[in-house]
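A, B and C are the chain letters, set down in written order, and residue numbers restart from 1 in every chain.
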Amino acid sequence: MKDFSLLKEMVGIHAPSGNEGAMTKFLLDYIEKNKKNWKVQPEIFSGDGFQDCIILKFGNPRTAIFAHTDSIGFTVKYGKELIKVGGPVTEDGFKLCGTDSKGYFETELVVLENEDEPTKYEYLLDREIDRGTDLSFLPNWREDERFIQSCYMDNRLGVWTALQVAETLENGVICFSTYEEHRGGSVGFLGKYIYENWSVKQALISDITWVTEGILHDKGVAISIRDSGIPRKSYVDRIRSLAKESGIAYQLEVESAGGSDGNQLQASPYPFDWCFIGAPEDHVHTPNEKVHKNDIAAMVDLYVYLMKHL
Amino acid sequence: MKDFSLLKEMVGIHAPSGNEGAMTKFLLDYIEKNKKNWKVQPEIFSGDGFQDCIILKFGNPRTAIFAHTDSIGFTVKYGKELIKVGGPVTEDGFKLCGTDSKGYFETELVVLENEDEPTKYEYLLDREIDRGTDLSFLPNWREDERFIQSCYMDNRLGVWTALQVAETLENGVICFSTYEEHRGGSVGFLGKYIYENWSVKQALISDITWVTEGILHDKGVAISIRDSGIPRKSYVDRIRSLAKESGIAYQLEVESAGGSDGNQLQASPYPFDWCFIGAPEDHVHTPNEKVHKNDIAAMVDLYVYLMKHL
Amino acid sequence: MKDFSLLKEMVGIHAPSGNEGAMTKFLLDYIEKNKKNWKVQPEIFSGDGFQDCIILKFGNPRTAIFAHTDSIGFTVKYGKELIKVGGPVTEDGFKLCGTDSKGYFETELVVLENEDEPTKYEYLLDREIDRGTDLSFLPNWREDERFIQSCYMDNRLGVWTALQVAETLENGVICFSTYEEHRGGSVGFLGKYIYENWSVKQALISDITWVTEGILHDKGVAISIRDSGIPRKSYVDRIRSLAKESGIAYQLEVESAGGSDGNQLQASPYPFDWCFIGAPEDHVHTPNEKVHKNDIAAMVDLYVYLMKHL
C-alpha cells in the first residue's frame, strides 16, 4: 500500500487561487530535498517571470503534465460577508480557516438564503476578520484501506501524482500551474514557455474529476473524451490506444460541463493538444472529496506509461 | 449558373469540432489536384504545429480569409444520452449519422423535455453507440434555381467561397480554421503565424449569418457591423466603402448576439482587424440551412474584390 | 483646487468601444502639445500595429498604467431599435447623441418592457438614424466644490489621471487601451509589446470603481483586492504596503463581480501582475457618474507614488 503522508501534508496547505505562494514554497523545498533520488535531475524554472508557478524539465521532453496547485475557497468581503474563490459547494457549517493580521483562525460557513435575493454567505466568529482575507476548508484527512477522503483532493492529488511520476521520469515537462479554480491565467505563459523553448505541444491535465452515472469508484483512472471543452479526437485516440495497450484500469468520461487547464491551453495562441486524465471523486468541491486508492494507483501508472510512450 | 457539386460533396463530410481531420484531408487533396489551374501557386502550411488547420499563402499577403471547417453536432454520453457539440438546434426526429467501432450508422434525435429538469437528448437506434462517438446531421442536399438547402451550409459554404477566391487570388492568405462552433482554439495560433511571419493583420471572416428582420434573402452578401463582438469601425468603414465602389449587392448586419472566428482574433494578443462577411441563411444550425444563390454569388464576388483592394 | 477643464473636454468626446479614434487623436494632440512641459520626454507608440491604442514609454520602466479610452454606448440595429455597447444602465429618457451620414443628432432612449420578451430599446427622433451608427450619452458636466458628476467619468478620469502622472513620470509605461467596455481585445497586444520589448510585467489599472456598502465617497482611492478576477496576493500586498507608507487616503475593495483590463492581462500569455486602483463613483454606467474630488486627488497622488516605488 502506497504511503500518502505527502498528500496528507499537501491538502492542509492554504493556497486559494491567487495566493498559491505556500504551495510553491512547499513544492520547491520538496523537489530540492527529493530530486537526488529521482532517475533524472530536472531543470527547475520558477520565480521571476513564472509568478507562483514551477516548471520542471526532464531530458528531451515531448509531453507536459499540468497540475494546478490552487484550491477553491472564500474571500472576506465587507462585514461578515464571504464571496467565493472558484466554485466551492456551500453548505451551512462547513469548517473554514485562514490567517489575517490578528493571526490564525478557524470559523464556519453560514448560508443565508433569501427568497427574492441571491444567496449570501457569512462566517461565524467572535471577532472580525480583515477585509480581503482568503479562507480555505479546514483540513480533515480520513483514510481507510480503500478510500481517502479530504478537502482539496482536487487538486493536491493531481500534484501528488505528478511528483510520483517525477521519480522515474526521463523525458518530459511538469508544470505546476495556478489560478485553475478561478478563471485561469497562468497556463498561457507556461504553455508559451514550453512551446517556444522546447517545442512541447502535447499536454496531459493531471486533475481530479467527478464520480457520475458513467464514471465509478474503483473502475480505474478517467480519460476524458470531453467536458465543456473538446480535445482533439486524434490526440485522445492515441491516448486511448496506449491506455488499452498498457493494461492499466481506465474508464472513459464524456461530460458537457466542467473544465480544466486544458481549456486554457485550447484558448492560448499555441497549438497544444491536451487531454484530461484523472481519478474520479465524489463530494466534489466540498471538504469531503473522496477518491478510491485503486484509482489513484491507476492514475500514477497511466501517467508513467503515457509519459514514456506518447 | 455556378456548379455546386464541390459544395454538395463538402456538406456531407463528417467533421464536428475537434474531429475535423476528414475535412482537412479532403481540402488538402482538393488543393493538390486543383492548384495547377489557379492563377498563383500558394505555399501550403499544414500538419505538425497546425493541428487540423491549413494555411494557404499567395504572393505578398495583406489580408487573410478565415473559414472554419468544423460543424456542430452531438457526442454520445452515457447510455443513449447525447450532448451538444456547439449549438445545434434540437428538434425531435432530426436525422443523424456517425461511425463507431461497429461501423457507420444512421439514427435520429429524441428530445426529452422534463418539467423540472433541463431538457435531455437521446438517440434512437436498435444498438448502442460507443461512448464518446460524435454524430453529425445526415446529409440532405436540396437545390433549385434560387436556393440551396442542406445541413452545414454553415460553414462549408464559407470554405467553398474561399476555394473560389483561391482560383484567381494573387496576394493574400486563406486560413482554414477549426473549433469555431465550440469555444474556438485554433485561430490564436493561426493569427500568430500569419502576423509574425508576414505581418498580416487584416482579416475577413468567411462564414454564414442569419436571415432576420434586417437581413433578407437575395439582398446580397451581409457585411456585419457587429454581433456579440464589435470590429473596429475604421476597418469596417473601409470595407463598406470598397463594397459600395464594387457595385456588388450587399446588406449591413447589426446584431447583439452571435460570434465568429472574429471574436477569437479579437481575443488574441495580435492587433488584428476583422470583419464578418457572409451570405445569410435561414433555419440556422438545423439540417435545413437555406441560402439564396444570388447571395452566394455576391459573397464570392465581394471576397474577390476585397482581397484585391483592401 | 485642481483645474478639471481637460477632463471636462474628454468626457464630451464620442468614443464607444470599437470607435475610439476621436479619443486617440485628442490624446496624441494633447501629448504633442504638452509633453515639452513634462519632466521626461516619452517615446510614443501608436498607429500601424497599435490600432487606436497609444503607448508612452518613460525612461526605464518597471510598471505600466493601463487606462481605457473607450466608453459604453448603443448601436442602431434595424428600424429604431438600439442594442448595447458594453453595459450601460438603461433608463427611459437618457439623452444620447451621435453622428451619421445626415450629420450630428441628439436623441433619447426609450425602454420597451414586454412581459414575455426581453426588454427592447429604441431611440426617439423624428428622422431615421443610419443602421450601425453608434450613440453615446450626451455630455452633461456638473461640478461643485466637492463633486464632479458627468457621463463617462468611467474612464476619462482614469485617462486624465494617467496624464497627470505623465507630467512628472521618470520611469514607467502608460498604455491607453481600447475595447475595455465590450469584451476587451487590445490589452493582449499592448501587454505583449511592453513585456517583450521592456520586460514590463507589473500593471496598474487606472479605472473607476463603485461606491458600495464598503467603498464610500471621500474615503480615498480604492485599491481592489479582487473583483470577478483575483490579482496575485503578493503583488497587492506590496501595493497595500506602499499605500500605507505613502500616507495617501485609500480604501480596500472586495467584490465578486465587475472586471477590468486586469482580467485581460490575466488571460494573456504573459506573466503580468495587475491591480485595479481607482476613485469610486456612484450612478455607475449612467450619464450621472459622480466622483468626489478628494478621491480624485488621492488617485493621482497614489499613482505618482506607486510609479516611483513599486
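Simple rule for what comes next: a residue touches a chain if its C-beta (ideal position, glycine included) is under 8 Å from a C-beta of that chain, and two chains touch if they have at least 3 such contacts.
What you are looking at is a predicted structure, and each value in this text was computed from that prediction instead of being measured.
Colleague: If you check the contacts of chain B and chain C, which chains show up for both?
Modeller: Looking at chain C and chain B together, the chains touching each of them are A.
Colleague: Please state whether the interface between chain A and chain C is built from the same residues or different ones, using more than half shared residue numbers as the mark of same.
Modeller: Both copies, chain A as well as chain C, present different residues to each other, with under half of the numbers appearing on both sides.
Colleague: Once chain A is fitted to chain B on CA atoms, what angle does the rotation have, in steps of 5 degrees?
Modeller: 120
Colleague: For chain A and chain C, let me know how many angstrom lie between their CA-based centres, rounded off.
Modeller: Here chain A and chain C have centroids separated by 36 Å.
Colleague: Out of chain A, which residues touch more than one other chain, so two or more?
Modeller: Within chain A, residues 267-270 contact more than one other chain.
Colleague: Considering only the defined contacts, which chain B positions touch chain C in the complex?
Modeller: Answer in residue numbers: 201, 212-214, 225-226, 228-234, 252, 254-256, 263, 266-271, 273.
Colleague: Chain A touches which residues of chain B in the complex?
Modeller: Counting only chain B, the residues touching chain A are 17-19, 21, 49-52, 75-79, 83-85, 131-132, 134, 179, 182-186, 188-189, 191-192, 267-270.
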